[in-house]
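There are two complexes below, and they share subunit A, which is joined by subunit B in the first and by subunit C in the second.
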Partner chain A sequence: MNNVRKDHLLATLAKGVRYDGRSFQEYRPISIEYKISSKSAEGSARVKIGKTEVVAGVKLEIGEPYPDTPNEGTLMVNVELLPLSSPEFESGPPGIDAMELSRVVDRVLREGEALDFEKLCIESGKKMWIVIVDIYPINDDGNLFDAAALAALAALRDTHFPAVADEKVHYGKLTTTKLPLKHLPLSCTIVKTGDAFLADPSRVEREFEDARLTVGVLKDNMICALQKGGDAGLTPEEIHHMIALAQEKTQELRRLFP
Partner chain B sequence: MGLFVQDKDIVVPGQELAEGMDYLPSGDVIREKDKLISIKVGTVSINNRFVKVIPLAGKYTPKREDLVIGEVVNIGFSGWRIDFGWAFEGNVSLKDAVAEFVEKSADLTKYYNLGDWVLTQIVHVAGGGKIIDLSMRGPSVRKLGPGRLVRVTPSKVPRIIGKQGSMITLIKDSTNCKIFVGQNGYVWITGEKPEQELLASEAIAKIEAESHISGLTDRMKVFFEEKGITRKE
Partner chain C sequence: MTYTQRFDGRKIDELRPMEAKIGVVERATGSAMFRIGKTYAVAAVYGPRELYPQAMQNPLKGRLRCNYNMMAFSGSGERVRPGPSRRSKEISLVTEKALAPLVDLTAFPSTVIDVFVELIQTDAGTRCAGICAAALALADAGIPMKDLVSSVAVGKVGGKIVLDLSKEEEDHPDGATDIAVAMSTRTNQITLLQMDGEVSADDLKEALQLAKKGCDAIKNVQIQALRDRYYQEGNNE
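So, the complex of A and B:
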């Protein structure tokens, strides 16, 4: 099957130009807004990368710790791809894309130790805090992976514990205690289209991607998560190159969280 | 009695636009008893007795004789199926696409293959839009070569073309690109240099964002002048 649109995209990239005029490793403007839903969530944030927009909310619940980790709290990440955000998304149970997105964000946060899980334990083996992050894309103009991870992280940073009295959580009342955060893992997605490596892929670049690598990076350039997608294979050299790019870009993204 | 709104006012669904029988409802306006009511978010356009609402955004509804841009998504025994952004695919039958005699078992991919993009014309709409017949015969229709696709809101298409094609001519002359605009809001840009295509797509995005504010043509001229483009006359 021929594809005149992909051929044209590759020809344009071969001349060193992206469809929206950015350089290959340039992000679109990023903005982060906190406390967008201070009444219903314990923490929330809205992240925009260009026209891509994602909101995330954090809810806290008290539950019983898992038997294998009696001294730790836990984290749950959910993504629902709203049909209003893209013509590609359908309503109904989460599809493979929603599952991949939520699991990649979960892995970046969990393996990057964004939360200090031990401090989320209230009583060993009896009570712990469950941190639930709900992520909703409002508009998909590409790079939902990075936008979702940024939104989740921003919402966690915004989260305050609700008041607890008589073994009950009083959700309307927030205390001044913030969620115990440990590290700041950031995610950066690089796609390979033809011979070009692109940071912050737009929707059309995602549509025609050959391979994609999402890298979770900590402050000291330590890698905490990797997820490869797309049909084409990558050579070890290409993977090293993409990881190096991601490390460089996450240093820039880190300035969003002073 | 009379009009409640002025030309180019922004209105919302359910808003009363006029009262009495002096005015007649037109596009996206309905009459309820003796009142005219808008059914879309958009700007009012008053032409003599006709009151019309031009929606700020919305989906495309196929109309006969519209030129649309679409992708070949299926090949049958005697024709092609085209996806042009409507809920149902359009059908191009062999007789509307090829002038020469075609053998019964011929390979139709040599005329139009899967993944090809075409500028085509709607010749027939039936069954509430379920059955759409398209034609590849006519002065403007063609198979599209390599190019980039830009999607705009279909209600903005008349503004991108402009009066007697003035706006699209301005963009074509300033950017040196070939530009095809489908009524379905699909715009196909082909230029010699990617930078020129980028400029054309930026111009189209600017028109889409600002078309409800008057003085657009002048602002577009300024836009190109600021980019250092002098038009070839």
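So, the complex of A and C:
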């Protein structure tokens, strides 16, 4: 049955048509809503890419810097694939898909230097800010990678430091100081299905992908993260092509953050 | 010190502003969001679907399985550690018990109906908001129900019985009694009753009457949400 469905998808793509009528490199409409949990989180956002919906929230804690980076704060990224968001996700401890997703979003933000880690240091070797981003899909209609990375970035941009008095964090009382952001790394996922290269894969397209490449791209088109997925291999030419597509698409996505 | 004026200016028997919406998770069989004040819950129903391990199956009727979870950033203080806690497991259980008497699962033997409740933001009354959302999601999923379930907290704050406590009221310096109630207003059944604090039998009577009043108002909002969803689609039954 799945072979029949895959053959149909491939035949459709061979005619240059996607099921939802998009061109191959076209994203579905994207919307970003800020402060969706502003009473409890220090920063929060909801991102919709078509029918895919992801929420992210940021909490800040004070901790001790790692011995090898005494002058830097740190970042933690956590994605939980809620069984609320898809019949394919199951309850229980995070599976390998959730871990990969967490780590890829983490890599894009960390290596793309979304945060200025040095400005998150409070007292050298003693105290630093720990920035924790928790990401949850509400509805999975494909391309959770880009949706999660966008939601995380939007939530970080929305984040204000909480007030601190007597060495304690006063949650619920936000200051006017925003999180020190440095760069704006964006994630773009391209899948290869048959001979087609598709940006922003929908759920069906992801189901039948041969190979996937998630690319983290900075404003100057520098690449800050890569993650290949899927069962098939990719030739170097294919990879270069996919990266070029990702660079082009992230330039468009950048308009979401004026 | 008696509590004469509520912190947020509400009347003694006044609910916080509410919002309900059906069909917020496209992949689910049924789904809904319910917001009361700053407490914001989303619920999704999956099923009836096969239940594993098989030993858990009941050949006479389907099983209702609820899972309540607070998102890590949704608490009022520090980050909530992800994963089930003793608190979330207990709330999952009482949510199940609050809904089960009103759903008829005899048509779905050996299956499970999964209800997932996620809290995006919390400000008191999270289990009640979760139950209101879950009841709507079950209705949206087309599960046969004898009635909707509506839920609200009542309690005694500074000597006054009040409806729909806020977090600030729960933390009242003179202490507060918090009573979570869920009911089917049509069949007049109370399906959730939890209390911590101290209250006389007379006060409890008054509190439950107030809860009934609150649940009536909540049910109107729930019914309106279902109407908004299904009349729109031209399904004028």
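Observations, loosely collected:
The rule is simple: the second predicted complex is superposed on the first by the 256 of 258 C-alpha atoms of A that agree within 3 Å, B and C clash if a C-alpha of one lies under 4 Å from a C-alpha of the other, contacts with A are read in each partner's own complex, and residues count from 1 in each chain.
The definition used in the following text is that a residue touches a chain if its C-beta (ideal position, glycine included) is under 8 Å from a C-beta of that chain, and two chains touch if they have at least 3 such contacts.
On a predicted model such as this, the values are computed, not experimentally measured, just so you know.
Model built by superposing both complexes on subunit A: subunit B and subunit C clash. Legend: residue contacts after superposition of the two complexes on their common chain; A:D200 is shown touching neither subunit B nor subunit C. In the superposition on chain A, contact is made by A:H8 with subunit B only, not with subunit C. In the overlay built on the shared chain, the residue A:V17 is in contact with subunit B alone; subunit C does not reach it. In the superposition on chain A, contact of A:S37 is made with subunit C only, not with subunit B. Of the two partner chains, subunit C is the only one that A:N78 touches; subunit B does not reach it.
Contact with neither subunit B nor subunit C is seen for A:D146 once the two complexes are overlaid on the shared chain. Common to the subunit B and subunit C contact sets on subunit A is no residue at all.
Subunit B meets subunit A in the complex at residues 113-117, 144-149, 193-195, 197-198, 201-202. Listing the residues of subunit A that touch subunit B in their complex gives 1-5, 7-9, 11-12, 15, 17, 19-21, 204. Against subunit C, in their complex, subunit A makes its touches with residues 36-41, 44, 51, 55, 57-59, 61, 78, 80, 82-87, 91, 93, 132, 134, 136, 138-141, 169, 171-172. Those residues of subunit C lying in contact with subunit A across their complex are 24-28, 38, 40, 42-44, 46, 49, 67, 69, 71-79, 82-83, 114, 116-118, 120-123.
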